[in-house]
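Before we start, here is the structure in question, set down as structure tokens.
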Amino acid sequence: MSIEKNEGFRPKIVAFCCNWCSYAGADLAGSSRMTYSADVKIIRVPCSCRVNPMFILRAFERGADGVIMCGCHPGDCHYTSGNFYARRRMTLLFSMLDYIGVENGRTRVEWVSAAEGAKFSQTMHEFVDKITSLGKNVRLEDLRCRN
Amino acid sequence: MKYSYFPGCTLKNKAQDLDHYARISAEALGFELEEISEWQCCGGVYPLGTDEIATKLASVRALNDAKEKGQELVTLCSACHHVIKRVNDDMKNVDDIRTRANNYMELDAPYEGETNVLHYLEVLRDVVGFDELKKKVTNPLTGKKIGAYYGCLLLRPGKLMSFDDPENPKIIEDFIRAIGAEPVIYPYRNECCGGYISLKEEDLSKEMCRKIEESASGFGADMLITACPLCMYNLNKNNGDNLPVYYFTELLAEALGLKEEVKEQ
Amino acid sequence: MKTEKNRAEMIREISGVNPLKCMKCGKCSASCPSYNEMDIKPHQFVSYVINEDIEALANSTSLWKCLSCFACVERCPRDVKPGKLIDAARQIVVRERGQDYLTPDEIPELIDPETPQQLLVSAFRRYRR
Amino acid sequence: MQRIGVFVCHCGTNIAATVDVKKVTEMALHEPGVVHAEDYQYMCSEAGQELIHKAIKEKHLTGLVVCSCSPRMHETTFRNAAEKAGLNPYMVEIANIREHCSWIHKDIEEATEKAVILMRAAIAKVNLDAPLKPGESKVTKRALVIGGGIAGIQTALDIAEAGYPVDIVEKTPSIGGRMSQLDKTFPTLDCSSCILTPKMGEVNAHPNVNIYTYSEVESVAGFVGDFTVEIRKKARSVDMDKCTGCGVCQEKCPSKKTPSEFNRGLDTRSAIYTPFAQAVPNVPVIDRDACIKFKTGKCGVCSKVCQAGAIDYDQVDEIITEKYGAIVVATGFDMIKLDKYDEYAYSQSKDVITSLELERIMNAAGPTGGHLERLSDGKAPKEMVFIQCVGSRCADERGKSYCSKVCCMYTAKHAMLIRDKYPDVNVTVFYIDVRTPGKNFDEFYRRAVEEYGVNYIKGQVGKVIPQPDGKLLVQGADLLDNKQILKEADMVVLAAAIEPNPDVRKIATMLTASIDTNNFLTEAHAKLRPVESPTAGIFLSGVCQGPKDIPETVSQAGAAAVKAIGLLAKDKLLTNPCTAHSDELMCNGCSQCANVCPYGAISYEDKEVNDHGVREVRRLAVVNDALCQGCGACTVTCPSGAMDLQGFSNRQILAEVDAICR
């Protein structure tokens, strides 16, 4: 219902995908022609553990409405344990986002394997719907940069 | 242990003694069935349609009543169990049904599938324990060869009812062993008896009962027991005296030495 | 009057079933205890809905022969569960026309002293609005 | 400031049909640093690469952005093209406007807008790219094959023939795998043992092959060219050097009640056993869970009867550590458990069996001596029913989503063999589809129908109903005749789905090789790199990658061997230059990075630094480029921001974020 309210709103969504599983999963979604919204833009990183919380804050600072991070399933990390670090870091970061004014629903972590094109597409659908229903995000500001 | 109890239409009317057997046995086994006040009939059939709300409300009322008392909900009749358990699942997992049912009910707090629904047999298996039951049996039905008749409603859909293996159940067989008799396993025990259609399609349901009876007798059963009053009626009607069908609570009371007591009352 | 397309959509909606998932294995028809009584067989329900031939389903005796025993629901390997489609088709018929398969006048002839309440309750629930 | 060239590929119509490539090209020229932009039909072609070459030379480009397919597809192609023109290959970035754009969007305007944004992000990244130089690492010239079935045997033989040493690790007491359990093979009806046992002998005798049976991989460390593997050689309780394989111990062993794994539990074996008569090595093992000596301390019969004195109750597990350059996974498959499919009465009747059990029954060395009989009463069957797709092609959680691929053919084989040997036995097959894509496959199936009179019925079975007289009633559908059938049968054979060996998940985790939702190992590219794992140095052989029959398995085993040989033949490997690097002036030596590094690539050194004129000795993190795999875990954990990843630096990723959110 709230989706209808925000009709016409095109969210900016950044997706961080690890090279080994989720980026390959996105490729598979592509080659299988499983559509999802063009509002999602993917940034390739070697591993989900390369995603610095700073990157996510920066995205919100620059006007992103949602940020999603995808990695290999727990236990399947190409670098053995990277996604565990990522999971812990994101849990911590997400728990603080509310405090700085970003709703919980604007961030998400999802595990997508190289074989899960359908899951990638489905996840992006859901996420875009969610962000669309939340509407435009408040832009974070770095107070140090204020006069 | 005290449970909220949903007796259902048949056990409250035509088959009152079966309900008495259940209550008195429960008492002997150390748990109490507290009948839900002002319960309404579950409807007898689970409405499969995803947009059916009104037909699910009776179940929601019973479930919410149990929730407010902080009790688990025990059912005896297979059909009630099937309907209430599935409605509970809807209330827990289907947003649309939950929202609409709650809008209609206007409860103090919305009902979201909190109540745990148990069949009487599950209480015997998981709370009392069949070993414990066996110890309390004073009048074992030794020598009786009994076929368990599950029918469809208790077992299916397997994942949702999560009662027992829908294709190879054993809970009633274990029950039969616990009351000292010998279970007879036969393949038609989870095939439908046609109870639902016996009003209008008598011949079809007769044929189905025949198959069940033949299979059970073929494997050596002297009698059948069931947890569904409708199955019991339908099978008895169509079997004649060849293979009597009893309700499981009756044999339970008998094994616990309580049957005469009930009769005297 | 609703179009066949509307009605097919309604069946899909009420049942929550995507008939396109069917791989035509026939396990539903192989499991159905009322198979021989049905004019349109359980596995055929799927293609009738896909082909939007709902009028045929509405006139089918199968709607009233289905036992709601869930054997097809339990065993369908493709998550299609034709029993749900049959139930939805029955709903459509009952809702649209109020065409009752059972009327109160019939009852006295059909029952005997032992008939459990459950049978009447369920029959009414299944057969009429 | 970089001088960047942007190259936009049409990919025929794959990109150009949905993305306005001209517009993307034009927009590129407005971006900072871009001095050249052009589009072309197929950028990856010879002619396309020539365009890139020419532009680099003429416009003195220092960086490239190619807007094309996924970097996982052609990044290497374009990097090589850049290198040929004298540009450092790591100055190339790909904007993925095919898989992530044109293929998944339908609206041209939307897709074009997204393509431009993806291009901007790539340009922003190239602007901050720096030339990188790969290091070198050594190659250990030895291969490891995990699994000793036909896939593992063939791979090992091919690698050994090329002159490289190979070790096979096999979990069970003998190599041979599933193929050794089969009676005949389709579509030629060759005897399985007759073609397998010579190969088992050959691989056992090969001077370059070393076989560890009754052994499991315990741990894997290292990376392509330089893996270190620990192998647990389980205590066999029999000295392999002394044992002559006479078999007396197995005969005399008083504990004979253990279900035989080889015969699928249809009969029993002794506690000291070889799985089958042609086992390689022909040395028994003592199953300590079944052995009376191990359970009670009393017995020792095998030791008394062994003239070679080979029995050793005190043997312990041994851990062998070995280095390998390449690892081939050949862990194979098993059949699914049928406990969720009891409508077929598998657990309720002994006469309902799986196809693999039928293989054992049909085999002369099997539990019935090759005589087709009912396991309940030993009677010869007159009516046999086969049920296809039991647990295959399922959308629910009971079964597997995929087609198991081999069942249609082996069922035709079984039906044909039974009709041939026992012409009075009627055979009925309930099928959903008969799938026979393979050389001489459909002809084989047609022969079963036309020459042998096998009765194929299109329709699935709903229930198998055991009858009081011991017969089975099969209730199925005949969809072509639109009938429900009740067929009386003496035996029912279930074509149960196959699934990857359950151990493969553990092994894949050790190897950091990707695995799909069905536990099949993922290949690096579904079409172009089908025998390689995305993890360098790991190769895939046989059913661990997906359902396959024997000829396909053998071909893939050979292909995996060639890929492994190609790797072992190199003296040096170029390492990934995208490694972590610590800024000496920012590092405070806190050790956080070393704690998270999965490769132990970070160490600490006391080093003199010149911090704005202050000279002092500090404890600093130093990354070993040869060990670093470039995951980036350390870069995020570093509290001072000293650690950064080359090729994926903080500034680069932030620039991409900025470009996308602009």
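The chains carry the letters A, B, C and D, assigned in the order they are written, with residues numbered from 1 in each.
The rule is short, and it goes like this: a contact is a pair of C-beta atoms (placed from the backbone, for glycine too) under 8 Å apart; a residue touches a chain by one contact, two chains touch by 3 or more.
Worth saying up front: this structure is predicted, and the values here are computed from it rather than measured.
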- Message: So using the touch definition from the top, which pair is joined by more C-beta contacts, B-C or B-D?
- Response: B-C
- Whole-angstrom distance, CA centroid of chain A to CA centroid of chain C, is 44
- What is the distance in Å between the mean C-alpha positions of chain B and chain C? 24
- Item | chain B and chain D, separation of their C-alpha mean positions in angstrom | 48
- Query: Which chain C residues sit where two or more other chains touch them?
  - Reply: 71
- Message: Where in chain B do residues touch two or more of the other chains?
- Response: 167, 191
- Message: Give the residues of chain D touching no fewer than two other chains, as numbers and ranges.
- Response: 343, 463
- Who touches whom among the chains? A-D, B-C, B-D, C-D
- chain C residues touching chain D in their complex are 21, 23-32, 35-36, 41, 43, 71, 75-79
- Message: List the residues on chain B that touch chain C in their complex, please.
- Response: 8-10, 13-15, 41, 43-45, 47-52, 55, 77, 79, 152-153, 155-158, 166-167, 191-192, 194-201, 204, 208, 229-230, 233-234, 236-237
- Note on the structure: The chain D residues in contact with chain A across the complex are 70-73, 96, 98-101, 103-107, 110-111, 113-114, 117-118, 121, 508-509, 512, 514-517, 522, 534-535, 578, 596, 598, 629-633, 635-637, 645, 648, 650, 653-654, 656-658, 660-662
- Once bound in the complex, which stretches of chain D touch chain B? 339, 341-343, 345, 347-348, 397, 463, 465-469
- Query: chain D touches which residues of chain B in the complex?
  - Reply: 159, 165, 167-168, 185-188, 191, 215, 218-220
